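This is the structure I have questions about; it appears just below.
Chain IDs A, B, C and D follow the sequence of writing; residue 1 opens each chain.
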Amino acid sequence: MILALLLIPVIAAVLSLIVRNDILRRIILIVTAISHTAITITAWSVEPSVLWNGWLMLDKPGLLFLTITSVLFLACSFYAFGYLAGEAKSKKQVFEEETFFTNAPEAIFCACVEGFLATMTLVTVSQHFGLLWVAMEATTLASAPLIYFHRHHRSLEATWKYLLICSVGIALALLGNFFMVIAATKPASEGTAIVLNALIGQGHNLNIQWLKAAFLFFLVGYGTKMGLAPLHTWLPDAHSEAPSVISALLSGALLNCAFLGILRCYQVCSAAGEAQFCQGLLVLFGLISIGWAAIFILGQADYKRMLAYSSVEHVGILALGVGIGAGATFGAMLHAVNHSIAKAMLFMTAGNIIAVYKTKTTKDVRGILSVAPITGVLWIAGFLAISGIPPFGIFVSEFTIAKAMIEQGRIGIAVAFLAILAVVFVGMSAAFLNMAQGPKNNDLQAKDRPAVAFTILPPIALGAIALMLGLYIPPVVNDLLHSVASVIGGY
Amino acid sequence: MMTILKFANPILGLVIAPFLLGVINRTKAVFAGRTGQPLLQPYYDIWKLLRKGAVYSRTTSWIFRAGPVLGLAVTLTAALLMPFGGIPAAIAFKGDLILFIYLFGLMRFFTVISAMDTGSSLEGMGASREVTFSAMSEPALLIGLAAIAKCTGYISLTQMFSSVVPELWLRSGPALVLAGVALLIVFLAENCRIPVDDPNTHLELTMIHEVMALDHGGPDFGFILYSAALKMWLLGQILIGIAVPIHTGNVWLDTPAAIAGMLLLAVVVGVIESSMARLRLLHVPQLLIGATTLSVLALVLR
Amino acid sequence: MNNAADIIMIFLVLTNLMLLGLSRLGACIRFVALQGVALGFLPLILNHWDMEVHLVIFSIVIISLKGIVFPWMLNRTLRELASQREVEPFIGYGISIIAGTITLVMCMWLSSRLPFPEPLMSPLIVPVAFFTIMSGLFLIISRKKALTQVLGYLVLENGIYAFGVALVGKQPMLVELGILLDIFVAVFVMGIAIFHINREFDHIDTDQLSRLRS
Amino acid sequence: MSLFLWGLAIIIIGGLASLFSGRKPGLATFLGSVSVVVGSVIAVVPAFKVLLTGSIESLQLNWSVPSGSFFIQIDPISALFLIPILGLTAVAAIYGAEYLWAYREKKNLGVPWFFYNLLLAGMMLVVVARNGLLFLVAWEIMSLASFFLVTFEYEKPMVRQAGWIYLIATHIGTAFLIVFFILLGRHAGSLDFDKVSEIPSSLASILFVLAVIGFGTKAGFMPFHVWLPYAHPAAPSHVSAVMSGVMIKTGVYGLVRALTLLGMPPVWWCWALIAIGAISGVLGVLFALAQHDLKRLLAYHSVENIGIITIGLGVGLLGINMNSPTLAILGFGGGLLHVINHAVFKGLLFLGAGAVLHSSGTGHIDLLGGLIKRMPVTAFTFLVGSIAISGLPPLNGFISEFLIYLGVFKNGFAGGFESIIPALVVIGSLALIGGLALACFTKAFGVIFLGEPRSNYAKQVHEVGFCMKSSMVILATLCVLLGICSPWVIKSAENVIFEITSIPLETIQTELAATSAVLMNIVIISLVLLGLTITFAVLRKLMLSTRGIRQVGTWDCGYAKPDARMQYTAASFAQPLTDLFKMFLRSLKKISPVKGIFPAQSAFHTDTSDISEKYMYQPLFSWVSSSFSRLRWLQQGRLQIYILYIALTLWILLIWKLM
């Protein structure tokens, strides 16, 4: 089953490169997504077999993040169908500049997206740290061409930054892997293979000093990929310059995958009795990220960048949740789900807005509600969802995290957390509401691209899920989240 | 007998109240060395007005006509709450002093809007001043009464005043004096006497109460004059209630004492009006705030 | 044979310091290539010139990649750049070298904090590997050109390689796979990116690559 | 309880149905308004039952959200708040059906009806929720629904700004509530309210402060009231009525509920509440006085009335603290009665303001005038509302203030010097509020409805239609009835007061019976007043019947060419008072004084912005945003710097953690 999960996208990627027909290629994309999701859902009831000496295994955290990735990919594939149909093949003008650009070939786009799925799937099923690292590196490779889909200066710059920063990060993570190996080395013996379960089993025999160093390198390395401030610097650029559907995947799926990398190391550290050490760092980085994001969200001029910074904020919350531990771990896991869904929905909606308004500048977009009502409603709903207003799911997860903080008596952190969230809310509300509600631009031409069902339905579906999770968490999901939380060290 | 006695105060008020105006005018005349109007002149005026026809501005509505009627009705109703001398009020209950004060608020509300109903800028100005000064005097009045309530331990007007006996003066004289002075100022302000208002000028820009009634005539104006007189009568009784601590329980002793006190009060007002000038409008609030301060002092004094 | 490992380590330190102080891009490329070649021999030295097949193949691959292919590719890119062949530093050469020295000391400290569980061939391996990594980072941070940044990345890569080969030999798949993949990123993907940058901007000063901000 | 849920279900389903039938305005209006009315009528039955019998109905279901449970309960306190919520919302729905009809061409009417129904559902849930999380969810649904209603006319920049400020304020308030509930739950071990007991006093004080800020933001305590003067004018009038009349009361509800959970109050809570009440009351009415926009004026009056309610609560709490049942019963009785009374008269006034706005097109007081002739019903009902809100007998507004006064007069001086100060504050501020409110409403009523039209807006008005008229008449009648029936109304408060104060029921009944007797006297006085008024009116009619009545122009001191613009304006009317309190108001004045012998033109203009906004929030916000923007160089676009961040982070961590 795991092999199927990995191979289907790979085969699809190869097919996409071979096939000449655009429509067929898009259908392949959708079929891939559907079959991937179908297998993932099957994996909920039937536990997939373990492969390669336990190097590949779908444990509970893996299943959670795989499901998020898969569901998002499904939504994105439908969206991409509509998106690719709407992208002109000819030269287009860059929004911010007077220059023109073309898109990368669609075949590359499809192949890379499918490859991206494969690599992210690999991340979620890897139990071996080295393999995990390879998968993580591969996600960078698969996604870099996607960010450079629109071939112009700005996206090139974003891609370059993404590549270099993430490569540096990932190189440090490799060093972290080496450290892990050393930590697991016992004098005059073979040492333990750096497979998760083996390490956890050996927990108290690990070399603590090297393990700490390994965690630091993992934290900095994968933290770069995950978008923890101040390592997140590639993130706003890449998210804002990539096609919106890719931004949705990057933000909703990739960041989670990187987070999984950190969580894996955290699991080992907990087993070695160093949970406190990791938690302190996670709390610190969580708070820095939220605060940093707040600084740039307030008065942000570009709405896609604002969404990107919001991702920084939310990964910060994830880190904070795990760092607080206890009940907050569950909150963090729930938050991962909620954030992915809400953020993907927002990026997709942002794509629809760009299609109509041809700009990413917040102040040039006014009156979406009157120009494109459904998009406008989605935009506002997404805003409410992402800023944690009930009855949307993020409220519940943030509440749970805040509750755990206060119950542990970490009042200062709780106050800072809520205060920064309030600032973020202030910043985002001003931008979102003016975009949705303001008077419509008179010189706006008739819609170039009618919002087709393919680009409207996925965000609607995601929005519905985001709403549902705030009012009702299905028991299966609840159980999974709880078991994930208990694996990671909360309850 | 008791039933009739219950309504003695409204009836006495209806009969005597305009006379107080006559006394004040006569006092002023004496001070000015004039003969002055007959003592009963206010009665003649009201009678004359009641028999007249009416002239209405085209701008006005039913509010304009309702104001004077309601004003008279309110003052008469308020008279039911006020004991006089040894005669208890027709209706007495705990907290009736609050209702008593707020009834005058209702009257003021209608006086003011009926003034505004004319659309005249002068009457609007008068209305504006009226509400300004009354907003300042209301706290003074309420706190002053609260001080007396605290001294006497009662919160019904009837019980409150019947327990103001010389012993109380001996016990909490300073508080009563302070409250009394505060109430006197309120009395002057509420009844539009010098130093707050000058009922005799006929320069519209300087008046407060009179200017609000500029457009009223005939029976309506008669009602206004009558209710103004009654109001003075009633508010005067608060002062008399404190200042004349003769509450023996014998109606035939207490009531004449109270009436004498009222007449004395009228003379005092006359004297004040003759010896003082009207304050600049800007200084009136200071006076009223001063009154409030006195009331507060009276309340906090032990 | 400990001396051979020590010599390579010393050589690494010296090349790193040279790289920090060099002004010509061409020379930098050559030094990075030299580092690569020296490191290529490291697995063999550490295994006492024990000619296992996979070790030999690994060494040959590394040497040919680091010593021949990359320099050739980088040189070709350099030739395509018409004008500037200077490194163009943000931080001057002299200061760079001083900073390098300080970094070296700090790396020494760091390695003292991380005692290796087993006796090592050369006590210099851990600090020098760290130092190489940090030098790579320093090059990326302190130089303007995109090409220099790739070079810096390669140096960083060399450091990791040294660390991996020297210390983690027990899990060979991990080290080799990791290193090959990293190299792949460094050269092919970044090479492609530089190619695009060159085409789009007509030069590879990353000055121009700072429009996306705040 | 099942009836309550049925009502709730009808309201929600009606809202959804209305949303989906948005393309047919008639159908949407019908579905929205009728479901509100029907649902309210059904749901109010259990509320009355609980209020009168004192029995408690509850329902507890599992909810799959962490630490949440669907625990709802109608107890007398909930019932007391439910009744005005349901009543006013239903009446306003009737009004809204006609009011919104004017927008049928421009807007999808399904949307506002959906949110209107949702607002009602949210408020209903808030007052019955007994679980912290459920409460917060309901609270935010309520806030959100009202936000969308406020921004109904979102094309207007003013409306957008108002909506924004409202959203921010309510969100920040909610943040305090989140902390409040979590801390409460932390102590109790569960977020269900019934688990709370025996809170240690230091925690209780923290919780009290949190509750005052959190709930006070919704209720509109000074200085957390900043959103009110923006949101109320921006919303459609029936929504303003609901928001001002009952939605902000959910803040009062929350505070009362919190007080019942927190146990024995220390004396400083009572002082704090009285102080907050006095400040809100006096400053609220002062700012109201300085306003030129009718709905903004009314919004500030909401602050004032919330102040009066809070004074009542403070007095009641003082009663508990001093162990004086009289004070407790009368304080809470007055405060809570004022909740209902304010709902009625403020609802009425907003509906009246809406009628004015609807037919004239402007809410600017100084552009109106003389509306009483063309809009007699609106004028009359507005007059009733004005008298009620000024707290004048015999209408309902007086009764509740009277109860507070009565409590303080009866028992406020008993506790020596310490109790005289709060008593003094209560009496003084209530008296001042009363006087100022009178000034304010004589101004509003006088300038809008009386005199001559000041502009073309005022000339073209017409009376509103049946729905709007009838809902205003209903509320006006209620103002009178609540005044006249107060002896009986106050008796129904016994269960509520018992629930809050835990004073023995017999004591409460005795005290309320005594109070009822007092109120009976007031009713008698009122009837006497009515009789005398009728008598004098008849007398006057008789006197004038035989005599000549002439119609002329208003006396103008002989001025040659009078003009409607020469009338006294609202700004001038309020000027003496605003000048007097200029220390607090800080109005901006623009005067171009009269110059020369033949002055051509002169002008006088005032503009009063909110002090707490101007001197507290704006500086804070601009400080935050400027200090944030100073940090934005952190992300300045250079790759090298970004890598530097990574290297530095790594080094710092290594040094710090491995040292």
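Note that a contact is a pair of C-beta atoms (placed from the backbone, for glycine too) under 8 Å apart; a residue touches a chain by one contact, two chains touch by 3 or more.
Here the structure is a predicted model, which is why all the values come from computation and not from measurement.
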item	value
Identity of the chain that, by mean CA position, is farthest from subunit C	B
Interface with more contacting C-beta pairs, comparing A-D to C-D	A-D
Chain centre separation in whole Å, for subunit D relative to subunit A (CA means)	44
Chain centre separation (subunit A, subunit B; CA means) in Å	78
Inter-chain centre distance, subunit C versus subunit D - centres from mean C-alpha coordinates, in Å	70
Inter-centroid spacing, subunit C versus subunit A (mean Cα positions, whole Å)	31
Overlap residues in subunit B, where contacts from two or more other chains coincide	none
In subunit C, residues with contacts to at least two other chains	113-114, 137, 140, 149, 206, 209-212, 214
In subunit D, residues with contacts to at least two other chains	632, 635, 639, 643, 646, 654, 658
Residues of subunit B defined as touching subunit D within the complex	50-61, 63, 65-66, 68-70, 72-74, 76-77, 80-81, 91, 93-96, 98-99, 102-103, 105-106, 108-109, 112-113, 116-125, 127-129, 131-132, 134-139, 141-143, 146, 149-150, 155, 204, 214-215, 218-220, 223, 281, 285, 292, 296, 299-300, 302
Residues on subunit A engaged by subunit C in the complex (per definition of touch)	130, 133-134, 137-138, 140-141, 144, 148, 151-154, 156-161, 163-164, 167-168, 170-171, 174-175, 177-178, 181-182, 185-188, 190-191, 193-194, 207, 209-210, 213, 236-237, 240-241, 296, 300
Touching residues (chain side subunit C, partner subunit D) in the complex	90, 106, 110, 113-114, 134, 137-138, 140-144, 149, 206, 209-214
Residue numbers on subunit C that touch subunit A, as the complex places them	113-118, 133, 137, 140, 146, 149, 153, 156-157, 160, 163-164, 167-168, 170-171, 173-175, 177-178, 181-182, 184-186, 189-190, 193, 196-197, 200-201, 206, 209-212, 214
Subunit A-facing residues of subunit D, complex	63-68, 133, 136-137, 140-141, 144, 151, 154-155, 157, 160, 163-164, 167-168, 171-172, 175, 178-179, 182-183, 185-186, 621, 624-625, 628-629, 631-632, 634-635, 639, 642-643, 645-646, 649-650, 653-654, 657-658
